[in-house]
Amino acid sequence: MSGGPETDRLPQFQVYRAVAAALDEDLGQAGDITTQATIDADATATAVIMARQAGRIAGIQFAEAAFKTFDHGARFEETAGDGMLVEPGEPVARIEGNARALLTGERVALNYLCHLSGIASLTHRYMEKIAGTGAQVCCTRKTTPHLRAFEKYAVRMGGGANHRFTLSDAILIKDNHIAAAGGIGEAIARARAYAGHMIKIEVEVDSLDQLDQALKHEIDAVLLDNMDAATLAKAVKRAKGHAILEASGGVNLETVRAIAESGVDLISIGALTHSAPTLDLGLDWS
Amino acid sequence: MSGGPETDRLPQFQVYRAVAAALDEDLGQAGDITTQATIDADATATAVIMARQAGRIAGIQFAEAAFKTFDHGARFEETAGDGMLVEPGEPVARIEGNARALLTGERVALNYLCHLSGIASLTHRYMEKIAGTGAQVCCTRKTTPHLRAFEKYAVRMGGGANHRFTLSDAILIKDNHIAAAGGIGEAIARARAYAGHMIKIEVEVDSLDQLDQALKHEIDAVLLDNMDAATLAKAVKRAKGHAILEASGGVNLETVRAIAESGVDLISIGALTHSAPTLDLGLDWS
Amino acid sequence: MSGGPETDRLPQFQVYRAVAAALDEDLGQAGDITTQATIDADATATAVIMARQAGRIAGIQFAEAAFKTFDHGARFEETAGDGMLVEPGEPVARIEGNARALLTGERVALNYLCHLSGIASLTHRYMEKIAGTGAQVCCTRKTTPHLRAFEKYAVRMGGGANHRFTLSDAILIKDNHIAAAGGIGEAIARARAYAGHMIKIEVEVDSLDQLDQALKHEIDAVLLDNMDAATLAKAVKRAKGHAILEASGGVNLETVRAIAESGVDLISIGALTHSAPTLDLGLDWS
Amino acid sequence: MSGGPETDRLPQFQVYRAVAAALDEDLGQAGDITTQATIDADATATAVIMARQAGRIAGIQFAEAAFKTFDHGARFEETAGDGMLVEPGEPVARIEGNARALLTGERVALNYLCHLSGIASLTHRYMEKIAGTGAQVCCTRKTTPHLRAFEKYAVRMGGGANHRFTLSDAILIKDNHIAAAGGIGEAIARARAYAGHMIKIEVEVDSLDQLDQALKHEIDAVLLDNMDAATLAKAVKRAKGHAILEASGGVNLETVRAIAESGVDLISIGALTHSAPTLDLGLDWS
Amino acid sequence: MSGGPETDRLPQFQVYRAVAAALDEDLGQAGDITTQATIDADATATAVIMARQAGRIAGIQFAEAAFKTFDHGARFEETAGDGMLVEPGEPVARIEGNARALLTGERVALNYLCHLSGIASLTHRYMEKIAGTGAQVCCTRKTTPHLRAFEKYAVRMGGGANHRFTLSDAILIKDNHIAAAGGIGEAIARARAYAGHMIKIEVEVDSLDQLDQALKHEIDAVLLDNMDAATLAKAVKRAKGHAILEASGGVNLETVRAIAESGVDLISIGALTHSAPTLDLGLDWS
Amino acid sequence: MSGGPETDRLPQFQVYRAVAAALDEDLGQAGDITTQATIDADATATAVIMARQAGRIAGIQFAEAAFKTFDHGARFEETAGDGMLVEPGEPVARIEGNARALLTGERVALNYLCHLSGIASLTHRYMEKIAGTGAQVCCTRKTTPHLRAFEKYAVRMGGGANHRFTLSDAILIKDNHIAAAGGIGEAIARARAYAGHMIKIEVEVDSLDQLDQALKHEIDAVLLDNMDAATLAKAVKRAKGHAILEASGGVNLETVRAIAESGVDLISIGALTHSAPTLDLGLDWS
């Protein structure tokens, strides 16, 4: 998927449920004892989520939910919603409400927001690198356990595309499957016979020979694994129009443009979700 | 906490429960359709988790659980358990069992193991940098939502120390608390009156003046926020023996040794848990 | 999906979890008071699940789980596994174990097994009707809440195909989407831009004119809604080879063959999952 | 239970929780991608749930919850509440709200409503058949797993009575219990000694001889299993006034009146909940 | 219910699930840090659960589950199972297994066992007081939230009877219901019309006049609220044979015998479950 | 912790979640059938929670949640909030709303409120006994499973202090740990090396000799187990100023003052949470 902030919005009930679980994890059994000890129960406060680093925002709903779970009547105003770029010193959202609610909700709000914005920002950096090539980066199933739907959403917010969400979504035939089935053709045939009509089939190949074999069969996409840019270009020449082409392996911010220029449609990058550093955002109190 | 592999072991029932949730997320409703289509139900296989990068292992229990959830009788042999160092090309564990179980469990097994080993490895790199100084790096509450207990365990496996797990565990008085309470002394007094006798109190200060103020009161630890090495050294001179000293802010692999040499006890680093890249581990089939 | 008993098997941990929830629902807080009052705690028994009606089996794992949840050591031998046909009077499985376990687990075992076998059996009856036509019946999202994955599995066991499991799996553009987007072409374009590369697109049409419009665009499948067999045949002539063709609406055991003979690939039938009567299976005690 | 729409209402928090689980099942991880791609986020719409078939409504709260979970401010007006009869073409409810909320919530809303209304409608058809006899149909524990409370509520909405909800609710002594206890009298004695004072005891008998034996003991109800109408009439003559009489087995819309005219109090029918076809209701957009 | 240890046994899967939740609550996120620090991972130990006070045991399954959750291979031998009397110094169970498992599981094991045995013991003391009267004490819905099924089981282990488990189980008409319905007769009529045939009806009365009114209608039980022994005796004379008689209010160990001697069938006591002190049991290490 | 009503407030989302679980437990599958049968769906009512016994209130949020879960618009006015003392006949809260909501929510509301107020009241009685001594009573981990956080909150409301919430919170070295580690010094050293810097260490001793040994090491607190007042006084003399002193064992309302006068800081009492009788509160209808 390659939606954007104007089309996407996570289901609110799922966001609040995730936030409640994260708050349980952060509160422990006695709650925020520091805040309870030092802040009056009815004090109010205003705070602003500020960017301390340039990047792209994703996950603003989680921040809102973290504060409103403690203070339903709090005001939360987005100034930079999901999918928007921020510069250091720019505000992302302004919150006004019960002071304890703001202090106690802060860490969970930022843990989600910084993590997801980190993914959106890294995705965006990759997309900038390949601007104009027609290629798009996409994510993998190498996500943080329990956060896949949200992390893949963040990839979309960064301008990237989504690959499979689950093992149910599509067929992706790898070397082990081919070996067990007794050949590419046999594996594809078994997959086609097994999978429903709304299921696409992708085959992973690691050489041009394998690519040729795969292209003899009706498939939707090919995963070109660990090929250099030159080989990729050859693969594109042979396969373009027959199947969507996805490059994978050895991709980083230095190599991605050359890979994109080979003409592939997609470049899948596990690091988008498994190794993106958080975006540095903080809460400033006024 | 600063335990090690020989003392720590996550409760098995919690590991299996987490893995089941991660498997639900990865399987979707139709399961691993590629494997079901191409691999015979009773085929067996052997695979080895291999290090493709040097680092420190954490989370091997999750890998075992992911495979055994599908095949209770699978054999899982650790060759490099949690807290151990691996070099590229070294095996971490060997699994023998139902071929579908191995293929379907692979991604969840690696998602946990690579994520937690990434944290352990980064922690270990920091610890190597400050070897001999007597200081120890420690984690923060800037963790990935829903994974805090496991990420903090990974920090321990990397040789780091744990700070608070939850807001209930200890008092940490920051500027907002001080402002609301009407001064450092007042905030500490309120905290002392509120918190139980097994609760430690730490105060965050950002100047030597504030440190002096804080030291007038009975506190257990001081968080020295965003001070340079020279200022930290002065802080150590004034406070050593009166309170545990924790440095925080602006810490990276380049700066950490100078900070450690200032004499502080602990150096807390959010990046250990929020921005550690995964350790590259893969499953090799034989 | 159109798998069969030899390829499919539900994940055991998900079956046991579902069964535990169903047992909670059936036990109430005092448990099976009739059995506790009248059956000795250590009595053993043998029982056989018998078909009282001809049909196709699905869900045998649930029956096993229901009994074994109470008696881990019980013996459960399938004589007619999932996807197999049974005649009245034929045994499906034989259970030997603690007598209370058998009596208390009976209802949940049969509630799952009869429900899912009912779906498999109805699916199979439809498939028999269209034997030799090359068409296949398939299910819809009109499933019983909380049982979708299992009901769609039962459709596969009956020889049918699976359509989308969730709203995430594929694009299915209906009249409201077309109207809102401002035309078929626009809707398809927006869908293509939004959806990931592994997502197929299907468009619902209710006339040959609409079909012609749809076929101008690159789509994977067309849902021919509420067309009679003659119109379907015309649709097939125009579209075959360009898109998978799925007929829908007004399908029953009398009409299905004519629809299939029109040449469509798939015939989707909500009733497979929302209105299949249970297959009559009972537990005979020896 | 034999309540009606004027007395019954399911607890709202349980309805919303069930709906949230059903929405998770239907949404998958990416949500309603078709709607997100084609419908503007702030578009509004109006739709009407229409009866396409005559029947009795049950489950309207689920429909309301499905739409309001996505759009809290949506307007939902019932025109035919639970327990009311509808004719084809009659409206059941009118919904006005966010267009995406209506489209995305539609299937879950209808899956519950059509399923439960199907049960209420079938129950009602049976009740019409036996009008004037003084008998009432009642449900069994042969319900769809995870939906028992709601299905039994639907039976009440159709005018039927509820039998046991769980194994805890009442004693029902069957042949296995009698055999194990060593006779009807012994089984009843053990049950009476075991069960609390608010627990009723029913005994299943399959002959008039067994009935005579059972009536020698103090019991609340007798389940007359698989008797023809003539035998039932004899049973009624012997037992009326001594115990509630429930007929069971071989009941269908053709046989039910003769059974009712035998004078039994209740006729229990598993098919009410395990095999009721859904009531055909659809969402019309304006 | 008035079962005993020879008939009752809690479903094992529910016990293990409850214990897992209790262990989560007790472990926190870092686990048993004291034990992890000081006890070697592979040390073994033997311990005995000892009675330090006379009483009746209930909940031994929870103790076994607490230890075995950590060490599946631990040996657990009951010497005094549920429903048995123990004297101070008598062993209840002997456990042999991993030393950490024993130390870490100890508190949860004892928290359940001492709580439930406390209830069984208090129930037993009441039953001893009324020995020979033919009356039985019974519990109420005044239970500890989340523990009702287990607490009512403990009452049975103590020799007491169970009243309603839930509001669904039986009709209990109190003053507010009578007032709202417009009189006892009207309330009973509405209840009879509403409730299923397996539901008993009890009416609460606080005077002999009210009792007379209630007895004009067909009811199963009467709750005689806050009557002295003399009034109870009169009530018994009027009602015996027409309805089960339950006394309630002002019951304690001093008053219970006189109440029982009035001839009532049951004496319900909220304190059995809401105020029973724990039975003092401890773990002795050898 | 030793907070009070003015500082503490349980997180609302956790209270509502707990109440929903308790309502599920109390409602069963058919709901409050008595109320549904006899009370009109739109009737309104007013009721007052009244103290029937003197004591201290804790848990008023649960009562509010129980009623508002059924009737969001109900009015709930506290007249005696958490931490306040009530006399018999004094109102605690006044509720105005839907009559069914009030009747159906009553038991869960009171079960929480009476249980937690019982703990607060017993704690308060102990605190009154030791008024002026400077000592404070504190709770233990001997809590009712699943209710620890709420019970420890109730102890705070009664004026008591909280000890560890979980095994993660602090080190508490007991005899088994000492034996296994090979001595007090060794155990403390291992604990210090293992635990994080925000973790306090307490050592349990049962003689003055052991105390002397323990005091040779840097520890935060000592648990003086089962010492008489005279021995405690000697212990205080030796240890005061070096460690917090906590007395434990053999504490009751008669002995507590003498213990407190020995000069210890804390007196831990398991009975506060495991054996506190409920506070008698009832709902009066107007």
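As written, the chain order gives the labels A, B, C, D, E and F, with residue 1 at the start of each chain.
By definition in this document, a contact is a pair of C-beta atoms (placed from the backbone, for glycine too) under 8 Å apart; a residue touches a chain by one contact, two chains touch by 3 or more.
What you see is a predicted model, and the numbers here were worked out from it, not measured in a lab.
When the contact pairs of A-F are matched by residue number across A-D, C-D or B-F, over half of them reappear in A-D.
Judged by shared residue numbers over all numbers used at their interface, subunit A and subunit C contact each other through mostly the same positions, with over half in common. Averaging C-alpha coordinates per chain places the centre of subunit D 44 Å away from that of subunit F. In whole angstrom, the spacing between the mean C-alpha positions of subunit A and subunit B is 22. Residue positions 1, 3, 7, 25, 27-31, 33, 36-37, 148-149, 162, 165-166, 168-169, 193-195, 199 of subunit B are each in touch with at least two other chains. Put simply, subunit F touches subunit E in their complex at residues 18, 21-22, 25-40, 43, 45, 99, 103-104, 107-108, 110-112, 114-115, 118, 141-149, 165-169, 171-178, 180-181, 187, 190-191, 193-195, 199, 271, 274-275, 277-278, 285.
Per the touch definition, subunit F reaches subunit A in the complex via residues 1, 3, 6-14, 17, 148-149, 152, 162, 165-166.
Contact residues of subunit A toward subunit F in the complex are 20, 23-24, 27-31, 33, 36-37, 41, 69-70. Interface residues of subunit F facing subunit B in the complex, by the touch rule stated above, are 1-3, 7, 138, 161-165, 168-170, 193-200, 202, 220-221, 244, 246, 265-266.
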